[in-house]
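Multiple structures are listed underneath, in structure tokens.
You will see chain A twice below: alongside chain B first, and alongside chain C after that.
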Partner chain A sequence: MADRKAELIIIGGGPAGLAAAASARKEGLQDILILERDTRLGGILNQCIHNGFGLHTFKEELTGPEYAARFIKQIEDEKIPYMLDTMVIDISEGEGGIKIVTAMNPKEGLFTIEGKAVILAMGCRERPRGALNIPGYRPAGIYSAGTAQYYVNIEGRMPGKKVVILGSGDIGLIMARRMTYEGAKVLCVAELQPYSGGLKRNIVQCLDDFDIPLLLSHTVVDIKGKKRVEGVTIAEVDENRKPIPGTEVFYECDTLLLSCGLIPENELSNKLGVKMNPVTNGAFVNESLETSVPGVFACGNVLHVHDLVDYVSGEASLAGKNAAAYIRGESGSDGYLINIKTENGVRYSVPTTVRTGNMPDTLTVRFRVGNEYRDTNLAVYLDGKQLMKLPKRVMAPGEMEQIILVKAKVNEILKDSDVSEHEIVIRVED
Partner chain B sequence: MQDVTIIGAGVTGSAIARELSRLDLDVLVLEKESDVCEGTSKANSGIVHSGYDAKPGTLKAKFNVEGNKLIHELSKTLDFPFKENGSIVLELEEEGRAGIEALYERGKSNGVPGLRILEKDELLKMEPSVSSNAVCALYAPTGGIVCPFNMTIAFAENAADNGVTFKLDTEVKNIEKKTSEDGTNYYRLETSGGIIDTKVVINAAGVYSDVFHNMVSEYKLHITPRKGEYLLMDKMAGDLVKATLFQLPSKLGKGVLVTPTVHGNLMVGPTAEEVEDPEDTSTSAEGLASLFDKGAMSVEKLPRLTITSFAGLRAHEDGGDFVIGEVKDAPGFIDAAGIESPGLTAAPAVGAYVAGIVKDILGASEKKDFIDTRKGIPSMALASDEERAALIASDPAYAHVICRCELVTEGEIKNAINRTLGARTVDGIKRRTRAGMGRCQTGFCLARTIPLLAEALGVDEEEIVKSGNGAYYIEGKIKDSL
Partner chain C sequence: METRELTCIRCPIGCHITVTLENGEVQSVTGNSCPRGEEYASNEVTHPMRTVTSLVRLKNGKRPVVSVKTQSDVPREKMMDVVKALKEIELTAPVKIGDIAAENVAGTGVNVIVTSNDD
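Coming up: the complex of A and B.
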């Protein structure tokens, strides 16, 4: 017997978890519980005090905490229960597909919660130095950009004064500006790829406006300093991303910030046996954002890394809505099964399958490209028939792309087909 | 006047201290770093070798086999992580079979129990991930894996619980042989913390042990630091192999090992490169790249799941063997020098042996109240749900997660700080509890560990260091320098 019960258990109280909860409630679901390991709701947004959030959702520029506050208010107004300081350590399936979530907090100790459906909304973490294989010493002064952001924005402390940033992910770009504002000297941002990993607007507003050089096709090849960072050596890389001998330049600095990619935090999903997409490190999901384990949904950065929180909120609302339908027993799977295949520059898609019986009138499919493309097209085919061909001036790995599938159009092509499985292909074309 | 002073709180010095703490003696350990286990003992393969490798008749062979037996026992009495996972030496080329047979014979004459030659079929049955190039292998069932930090810390803590004093952040600068008025010999140690006079000196200074030896003896030692680099991989790769896989040295070089660690990660290493600077523990691009290629010779499907890399320094003495014993022309000065591999395995045996020498020199007697057990820090990650509930009942801080990757709680961190020889640095917490050892490598827990340390030590967060003086994390408040 579990210690508690809730029809819908949401793991993570960041923007994804909050939007999912609010939307499930809008669908009439009463018995919801949000579990959050931090001491407040809002997730990573709490430390993103810069503005630029909510342009799509609210048509205004909010800071991270302001954006989060709008969703937290909905949770409070709707009296949706949540537990803070509560770490989920396990999810398993019991008899009849019932979900059992194990969590702990200092007030209640270790406890289990039984639920009908679970929404995974655990966000993501930053790739560490070791995973980047940067040689050299291992002194203090090497931080993930997010850790530095926490120190500066939450604690009001400086992690260093003379900074080199490796990786042009958005957090790194934001931190280049933040550290400069707070009195540090940012020497440069080095990026291994020939293109930036972050949003164009962040490069302009966070680097160009402060004369911070962005060194594309460069990487850190050595770290000096036995106790604290004393400097790093940066070299140019060739087309195989291998350092070119003779191009090394030494930068004297006391801090190296890493902004080299985010990895969805799927330890719990893995334990549960959810099937993972090796490209996104997030779950494979269908049109309802349901994972390979029925009744377990995923949204936000735990599903795939987003650059804009607005998209997180939208996606999460859909997950909340679908979880509510699942609990009501309304997720029949009649209709056809469509597998979405990505190729020719398109790296992955979310979702990867569509059950036409559950498809909404319009379904957004999100994905990223693997390279920088100029003046190309995005082509989408269903069983070889072109559904659309969208001209694209620029596409880059740092900016998420999307297409919208229209149910009526899909049905028109598939109608009367006596094959149960079909295929949609998304690709970059000239 | 101090009875005994040990230079160096690595595994050797700590094991000696622990054995000496059985005796009625005033024992002092001097360590230049801010914690025990900051030298080679923190950066090695963590293998408890079975003993087939060392040349018969050497000190390495003798202490390896004895040490292996002792660690099996001590891991229980002193509560540190150890697992007898077995060692396998792979022969990857047909012509090398003779090498495996020679190793088998060597092991037998060293007294290694249970050795067996595995043919390909049996090998692949035991270790399905092993490369199909493997021809045959030597299997040593008593080989094991240990947490080198917690073993060293366990020895040191138990020594301290039995009255040994540890002076950290204290560097020995010079040693002088002295004679007192009554004609007895003693040694004067000049340290960063003042002068210390002592009847017996034990030189367990790792890569610096030749320096101290040479200060008192005409028979010079010479140590060359030999660097070994490693890749440590995510726990997702941890069950790729069960045993520790070695490669038989061949014309391609010494080979690297692929092993699970006692905590369930996968480790590949070490390289071997002589260096000048005895503090040069940097890793290199070439080293790390070569490790992957060499590891893939043992396990073809080696995944690219590195979470960190590191390097350690072997204290290689020119003679090729451990140098252990009272120095001929320096009575009362005892070497435990040139302790390269299998020094971790040998440590408890070396400890007992050196304590025996001291006992004879000083005519010491056994203590009656010696405490021979020590309890480690509980681990929420490893505990059963019942044990977890009990820990939380004892202190709700055990329900407050600080390190998400390794599931380490505030309770464990407080325990690590508040115990005998408790952690004073972020690395000290990391090695005692595993907070920060997981796949995000402190990205999450750093900002949570620092305040706990600062509070417990009664200092500002700015004072908290990674591993010792100068290894600070925080440089003042925002806008300070505007």
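Coming up: the complex of A and C.
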């Protein structure tokens, strides 16, 4: 017997969890519970004080905290229950597919919650130094960019004065500007890949505006300093990402920030046995954003890392809507099953399967490419028939791409087919 | 005729915009997908503008600082002046989104407003 009950349990009170909850309520679902481990709702947006959020969702340019506040207001206005300071430690399935969430907080200790559906909205984590294999000592002064962002923007403390940034992820670029504003000298941003991991706009407004050099195909090969960082050695890398001897340059600095990728935080999903996509480190999902475990949905950065919170909100709204439909017992006829295959430069897609019976009139499929492409096309085929061919001036791994599948067009090709499984292929073409 | 290639920074889409100039006058803007892009590109090649987002100190708040932004864009060369001016400001909690933290910051004619709630 569980300590609590809620029809829909949402794990995470960041942008994904908030949008999912608001959307499920809009669908008429009353019994919702959001579980958040921080002391307030909003997730990472609280520390993203820069602007650029909300142009799609609210048609205006907001900062992270302002964007979060819009959604938090919806949650408060709708009186959707949430628990703060609450860490979920396990999700399991009970009899008849009921979901049992085990959580703990300082007030109630360990407790269980029984639900009909769960939305995974735990977000992602930064890749830490330990996963980067940088030689050298382990002195103070090495931070992930997001940790530094928390120190500066939430706690009002400066991690250092002379900074080198490894990795050109968006948080690293944003922090280059933040640290400069706060009086630090940012010497350079080194990026292992021959292209940036972050958005072009952030290179323009966070690096170029402040004459901070971006060193592509460069990496940190040594960290000097026993107690505190005293400097780092940066070398150029060859096409196999191996440092080229003789290219080493020493940078005297007291701080090294790491912005080397984000990893969906899926420990709970793994424990539950959700099937994971090794490319995204997120769950495999169908058109309803439902994972391999029926009634368990995923959205936001726990599913795949997004560039734009607006897209997270859109995706999460869909997950909330579909979870509400699942709870109402409406998951239509399955129709045909379409597997989405990505190849020739397209690394993955979300979703990976489409049940045509549950497909909305238009379905957004999001993906990333594995390299920089100029003046190419994105081609989409259904059972070998071309659905679309979109000319693309520039595609880059740092910028998420999307296509819209139109149900009517899909049905037209599949109508009267006596085969139950079909295939959509997304690829880069000349 | 001069051609300038820009990446729009008005939103994270980052459109690739081409501007043609004749004697420093903008002749055409192409590649943008919204009117904001056209405005950005025209400004960028003549007088670049930026929104500044930063922090000011906060007394009696849950947190020691609160986030702020310029209510509209300021000239790019004024960014560091704005940031410097903000270091002199201390607000007292409670503060809420939209509160004015500073008027006419660094002589730009632009107000600075609070972007987080701390009550």
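The definition used in the following text is that the second predicted complex is superposed on the first by the 428 of 430 C-alpha atoms of A that agree within 3 Å, B and C clash if a C-alpha of one lies under 4 Å from a C-alpha of the other, contacts with A are read in each partner's own complex, and residues count from 1 in each chain.
As a working rule, a residue touches a chain if its C-beta (ideal position, glycine included) is under 8 Å from a C-beta of that chain, and two chains touch if they have at least 3 such contacts.
Nothing here was measured: the structure is a model prediction, and the numbers come from that model.
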> Looking at the overlay, what does A:His50 touch: chain B (first), chain C (second), both, or neither?
Replying inline: second
> Which of the two partners, first being chain B and second being chain C, lies in contact with A:Gly197: first, second, both, or neither?
Replying inline: neither
>> Of the two partners chain B and chain C, which one touches more residues belonging to chain A?
In response: B
>> Taking the superposition on A as described, I'd like to know which of chain B and chain C A:Gly14 touches: first, second, both or neither.
In response: neither
> With the two structures laid over each other on chain A, which partner does A:Gly156 touch: chain B (first), chain C (second), both, or neither?
Replying inline: both
> Which partner does A:Gly300 contact after superposing on A: first (chain B), second (chain C), both, neither?
Replying inline: neither
>> Can you give me the overlap between the chain B contact set and the chain C contact set on chain A?
In response: 152, 154-156
> Quick one: in the complex, what on chain B touches chain A?
Replying inline: 232, 236, 279, 281-285, 287-288, 306-310, 385, 388-389, 392-393, 396-397, 399-401, 404-405, 407, 426, 439-444, 446-447, 461-462, 465-482
> Contact residues on chain A for chain B in the complex?
Replying inline: 37, 85, 87, 89, 102, 104-110, 125-126, 128-131, 133, 135-141, 143-144, 146-147, 150-152, 154-161, 182-184, 221-223, 226-228, 243, 254, 265, 267, 270
> Considering the complex alone, what residue numbers of chain C touch chain A?
Replying inline: 6-12, 14, 16, 31, 50-55, 57, 63-65, 67, 69, 76, 79-80, 83, 97, 115-117
>> Show me the residue ranges of chain A that touch chain C in the complex, using the header's touch definition.
In response: 46, 49-52, 55, 61-63, 65-66, 69, 152-156, 181, 199-201, 203-205, 209, 307-308, 393-394, 399
